[in-house]
């Protein structure tokens, strides 16, 4: 059983960054909203513009994305915890 | 007696997820808004865009949907408690 | 003397649901905004879209409607108390 | 000396409803914003839509209108106290 | 030295209403925002609509206008105190 | 080294008004936001309208402008303190 | 590993201004939000306008930009701390 996200929502599986690896993303322990990263499992069809047409999302399944630690809402699907967030909550896509 | 929802509203019958089944959706007991799921009983004709045309909803009758636990407003129709919510409150459609 | 509502306003005469009838709508006694129902006595011509054209309402005179208990503003016309609310405050139309 | 209202503003002379007459509008003494009625003395040319065209108001001089008791701003013109309000604050037009 | 207002701003010289004259505007001493009047000294070219075109203001130099007592911001130009306000803050134009 | 402002931002060098000169602008010592004046050093290309086209600003380099005392953000460029503000914060252009 | 920013986000590497150099930008030690500067490492494809078309950003890779000290969110990529901010948070581009 899986989730097909509506609108501009994205299903993300959180992936812990290797905090001690020099080439990995290391998130500073500063106060406030801390970024995090994950893998996109599913994307919605996009929000509708003023003419009612859906605008496809800019992220796709498999993307490694950066988002705020408190972005989205956690649910468990098939025993696996995933996040449902809006594409707006995603700051960027990590590229190798 | 049934409800024909207006605009972008959706009538949802709450369905408890099997929290102990490995293949079911298990909602973590974390603080804050907890997601929940249900079955769509009726959908409105959609909101109107800037030109006054109605945009059909993306969910349909029979869909199993995921939503925030406090989404919508509970009413009893024919002795059955249902939720009236906006499509915007629905995070995704569960697919088998 | 009657009221011709402006814009997207609707005149509704509150009708008490039979709370003990199995086939009627029974509103739970939970805290917060409680839904209620009534009969539409008059409807406005609708709001104007971005081009200044009026969009006719989706409810019509005679509809039995469901709304939040605190929706609208109560006035007495010809000794009869009615509610003036916006169509937006109406959640759905009850169908037999 | 009179006032020519700008935009979507309306000049209204408050008229007390006969509270004891069966056929008049009687405003309940409930808490919160209480409706009231008056006669329209002057109307503005209307707000502009997104293309800059003015949308004529839906009320006209002479209309008996229903509005919230605290709607508008009171000024005295030629010794007569009137209200300057937005058409949005008018709930409906009373028809005989 | 004078001010050329930007956008939808208007330069107004406050004029005290004759509060004791029967034919003048008399502002009630009620609590809250009190209306006031003045003469328009200069008007901006207007705000831009969604297509970037400027919409000329509805008030012109020389108009006697009614506005909220706390509308605008007072500055002194050539020893004369004037108000810089938005046209939106003007309720109407007084006509003889 | 200079600043090229983005969007609708304007670089302004604050100029103290001669408060004792009869022909200068004198700002009253009232409470609240006090207006001030300055010279425009640089202007951005303008905000984009709904079609993505940039709307040129209405102020230009060299203009003497009036703005709220707390408008903008102070930075020092080449040892000179300037203000970066939005054109929206500018009330008008002073003309000789 | 790098970040490809989404929408109107910009990746900026903070660069300390030489505060004692007469020709450099010196940020005053006043209270409140303090501006800062940095170099643009990557830019998103831009936000979409009302017709769903992306509007390219006005800053480009290599630009030296001025922004509020608390703008954006700090992340470490390949051991280097960078800021992810919206173009809206950038006040201007420094030119030599």
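Labels A, B, C, D, E, F and G are assigned to the chains in the order they are written; within every chain, residues are numbered from 1.
In the analysis below, a residue touches a chain if its C-beta (ideal position, glycine included) is under 8 Å from a C-beta of that chain, and two chains touch if they have at least 3 such contacts.
Note that this is a predicted model, so its numbers are computed, not measured.
Novice: Looking at the contacts, which chains touch subunit E and subunit G alike?
Specialist: The shared contacts of subunit E and subunit G, listed by label, come to F.
Novice: What's the rotation, in steps of 5°, that superposes subunit E's Cα atoms on subunit F?
Specialist: It is a rotation of 50 degrees, to the nearest 5.
Novice: Roughly how many whole angstrom separate the Cα centroids of subunit D and subunit F?
Specialist: About 41 Å, centre to centre.
Novice: Quick check: how many Å separate the C-alpha centres of subunit A and subunit G?
Specialist: 23
Novice: At which residue positions does subunit D touch at least two other chains?
Specialist: Correct list: 50-51.
Novice: Over in the complex, which subunit F residues touch subunit E? Could you list them?
Specialist: 22-28, 30, 33, 35, 49-51, 53, 55, 58-59, 66, 68, 87-88, 90-96
Novice: Give every residue of subunit E touching subunit F within the complex, in rising order.
Specialist: Against subunit F, the touching part of subunit E is residues 1-7, 9, 11, 42, 44-45, 48, 50-52, 73-79, 81, 84.
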